[in-house]
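Same chain, two partners: chain A is paired with chain B first, then with chain C.
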Partner chain A sequence: MNSRITNRIATGVFFACAALITLVLAGLLGYILYHGIAIINWDFLTSPSSSFRAGGGIGPQLFNSFYILLITMIITVPLGLGGGIYMAEYAKPGKLTSIIRTSIEVLASLPSIVLGMFGLLVFVNLTGWGYSILSGALTLTIFNLPIMVRECEDAIRAVPRDQREAGLALGTTHWHTIKKVLVPSAFPTILSGAILASGRVFGEAAALLFTAGLTTPRLDFGNWNPFSPDSPLNIFRPAETLAVHIWAVNSEGLIPDARAVADGASAVLIISVLLFNLIARALGRFIHKRLTASK
Partner chain B sequence: MKSEHSMPTVTSASTRLIKKQKHNPERKGRYIVTTCALLIIIATAAIMIFLTQKGLQSFIGNGLSPLEFLTSANWHPISSGNGEPSYGALSFIFGSFAVTILAAIIAAPLGIGAAIFMTEIAPSWGKKVFQPIIELLVGIPSVVYGFIGLSVLVPFLRSSFGGLGFGLLAGMIVLAIMILPTVTSIATDTLHSLPKGLRDASAAIGATRWQTISRILIPAAMPGLLTAVVLGMARAFGEALAVQMVIGNATSIPNSLTEPAATLTTIITLNMGHTTFGSLENNVLWSLALILLLMSLLFIILIRFLSSRRKYE
Partner chain C sequence: MIATQEKEVFDIRELNLWYDTNHALKDIDFPIHEKEVTAIIGPSGCGKSTFIKTLNVMNRTVPGVRIQGEINYRGKNILRPKTDLVELRKQVGMVFQQATPFPKSIYENVAYGPKIHGVHKKSKLNEIVENSLKGVALWEEVKDRLHAPALGLSGGQQQRLCIARALATEPDTILMDEPTSALDPISTMKIEELILELKQKYTIVIVTHNMQQAARVSDKTAFFLMGELIELDETKMLFSNPSDQRTEDYITGRFG
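== the complex of A and B ==
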């Protein structure tokens, strides 16, 4: 009897743990969306931010976030795919492979602020680029690379053995099999992994504080020449992203409506990350259905 | 006769199949992917070398005593009239360890409890409902955690415990929520990997579910559960902005949970932009970063040690 009561109590406690986590998530999302949705409108999303007056928007920050994300992914995806192919197909058990594995582990566990400092040292100061989109994107590449490599390696390893053997049985070379059989069939998994990673990059701030900077020059959205200093496309200009902006208005900002701006910006950030998450999930489910013909 | 005639047109199989050795795509592909893999090693090595070199500069170049740096809590980077500037980082080291350990104390039981609920109590629907919840929690950017901490938690703590509201307590709660998903998802994986025979055998000798969980499953999964907690702690130790927004940024060792404090990451975040690159004031921040780097290596060693003790994969 006694052990049965203990059992009931324990079950209740475990349920409470799970329920508490759900409540925390619901509370967080509810709070952000409730406060943020009221702020978000077209004007807020597109008008430039103000450094000391109320009523500024998040237009340039939003653009910067997506632009840095794009550049980061353009660099990360090929590198990560290459690394993943190497680890899945060419790496032999041995010293080199274990060094690569350790490196991936170390890179993945470094605090993002430390990566940001490395970016400051190498990409900002050593190269002389200063606070720039390129410095930020390269730092985020290092931040993202270990995850991308693992993701690609797993995706390629998960390709059914039959497909690989069928490719080789046709007389194609190893590389040709990789290119024409393995990567195409792993592509959907890699894509949904990349979208999930995008969410992570999109919300990252600590690595960008000292690499992409805390300011954005006055941008002329009519000027699409990537070499002109006030062009939004110029990768050598400083760029404050949305996540950095939320931090900056709260800790260093002078604007009187910091709370409202941060509310709106947080909601935009959360909605974007949720969208990345949903797209990746939907894609994963769709592909799983296509490949396995199951529900 | 016939065979003699056709002889010159026959080429060996190897030259027919591999046309030009120079542009062998097989080899080119291999080179490309190997370069990508080597780039990971190069990036890691570069980070180690640059940060170590820069982090040691304040001791070697500026002659700061490492002992004083690590054991003194006297942080006065700008000489305040009555003497030399001093750089004792003990209060930041203390702050980092304090929030990390406190956050783990909250997050470990909650996360492991939720993992047990998901795998043992409601295995049919628990995972389906919780997997997305955990993934969403992971996805929320750290600045958003910090901002909610700042706008909800800090005022709440201020009104219920007095003081400023900023402090260790706020930092620890924000970090605990941030590392909950890490702890939960790895603990779930560990419990999943336990062989089903353990549960069946325990049920067969008449144990209740709680007895099975507490005496069989938790001990069997211990190394994995500890890995989950250590990974969470590693994340907490390195988190910068969310903590910086709620901890209050005082440069002395706090006497209680509700007093403001600072951590290694928060002091770097705050001062990096305001100090001149190359000055001692700036160099000590790199020394703090070196401590962060070494700590994350230590966490990796700890995790490797724990995973070598795992019985069930």
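== the complex of A and C ==
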């Protein structure tokens, strides 16, 4: 075969692959948004869900999703950063390091339902917290941590060697170089990594089924005392998240408008995840611009 | 000769360095005198960069490195494990081939070193920043945008900023590892003028690929080849009347 024709075929094949991916995404998004967007309104987003009658909303679930995400990130980011710094700066090649690395990789590839069972065993039962936001957030931390560690490690390794040396050559200690040079330089990458991870955490259901639970107590959004049982901020209360709610409504929901609620909730979920992605990109670009003063 | 009466800043004795099995520096004896510019030339891989990085012990953390011999800085052997590297690097600043400003403002870049070494008074920092930037003739160009990101400066300005950053810790010696090889001719010329200016106050060691540059800026020149110090002499002597055949071959362009 003529090499020019081969070349054309190759180009065509690669283009088709790319087009396929885009089409799948567009189809999926289009389908979910088409069915869901009509259902979304202020009332749907804010009113509590109903158990039997039609017309329930997703207010508490939406709040729970964001709240669990927040708690998860508060735990994950410092741990991930610490682990990433260790792996990038302190870990010497050797047996210990390779054990740690393998652990991180295995942890990253565990199915989330298995993590959910582990969370049930440890956080729900062993500690006696029951189905709670804290149990859910800790389980999600395990789910998220390996990726966060790798993200932070890569970001710190990506800081040019020259900058690291420049820091050391000014007479800074290793710790100072990490604090003042490496982490600030790696910050934009770490931040967008964290936001992307947030998208994953936000949409996670399996790990939360047995840890944060399938119910939400009646919440009083006027009560911001975190120790009060009907306060939204209480981390020891059960909390059904949006993704879990979609699953629950679809599989065992008794409400007559289950289909509509699931459609609407799916659309909200997907829009949120999309927003996380877009924000991550925009923020990354913005910070890069600020730091380099490039146009 | 006047030079021999000058005080020695560095006195290097029988320095040997290996990267694993690669013998990168072989029995180097090398005095470096105060307030002189010492240029180090030689073909790629001759050990000149390795040598200059040994003077502030930057390469001790390279995996597989082994260093033997003595590097006496102001009478103290800095290769001893007890050496306070933080203090040493405050005294012996370094400028790299690629300008390496931190992703911070111009001001913060210069103030970085002094802050680490315990200067926190705002007025004192302002003074250090101004003097350091004036010292590299950058003050006039940036005084109105001290708090703009340093990465927004041109390549030549960034390199001068890096020199200012090194000056800010009040060193007595500045090591320069091919400081102009990534710069255009005009920026290069500015840095060379700066070097001549700086040697009034500082001892300078500069590694360069460019023999003309060595001839223009240095008082002494050393020629390295395959890890050996072949010749070290007054720059004029070395270029006009080299005593070693290999030096002559190199500076006349027969190899390298």
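Simple rule for what comes next: the second predicted complex is superposed on the first by the 263 of 295 C-alpha atoms of A that agree within 3 Å, B and C clash if a C-alpha of one lies under 4 Å from a C-alpha of the other, contacts with A are read in each partner's own complex, and residues count from 1 in each chain.
Throughout what follows, contacts are C-beta pairs under 8 Å (C-beta built on N, C-alpha and C of every residue); 3 or more make two chains touch, one makes a residue touch a chain.
All values reported here derive from a predicted model rather than from experimental measurement.
Contacts of A:L145 after superposition on the shared chain: chain B is touched, whereas chain C is not.
Looking at the shared chain after the overlay, A:P160 reaches chain C, while chain B stays out of its contact range. In the superposed pair of complexes, A:L168 makes contact with chain C only, with no contact to chain B. Applying the stated contact rule after C-alpha superposition, one finds that A:H176 touches each of chain B and chain C.
Touched residues of chain A, counted separately for chain B and chain C, are more numerous for B.
Once the two complexes are overlaid on chain A, the chain A residues touched by chain B in the first and by chain C in the second are 173, 176. The touching residues of chain B, counted against chain A in their complex, run 25-26, 28-30, 32-37, 39-41, 43-47, 50-51, 54, 109-111, 113-114, 116-118, 120-121, 126, 129-130, 132-137, 139-148, 150-152, 177, 180, 184, 208-211, 213-214, 234, 237-241, 244-245, 265, 268-269, 272-273, 277, 286, 289, 292-293, 296-297, 299-300. Touching chain C in their complex are the following residues of chain A: 93, 160, 162-163, 165-173, 176, 180-181, 184-185, 290-294. The touching residues of chain C, counted against chain A in their complex, run 56, 58, 63, 85-90, 93-94, 96-98, 100, 102-104, 112-113, 116-117, 148-149, 151-152, 162, 165-166, 169. By the touch criterion given at the top, residues 3-4, 6-7, 9-11, 13-18, 20-22, 24-25, 28-29, 31-32, 78-83, 85-87, 89-91, 99-100, 103-107, 109-115, 117-118, 120-122, 125, 142, 145-146, 149, 173-176, 178-179, 199-200, 202-206, 209-210, 214, 243-244, 246-247, 250-251, 259, 262, 266, 269-270, 273-274, 276-277, 281 of chain A touch chain B in their complex.
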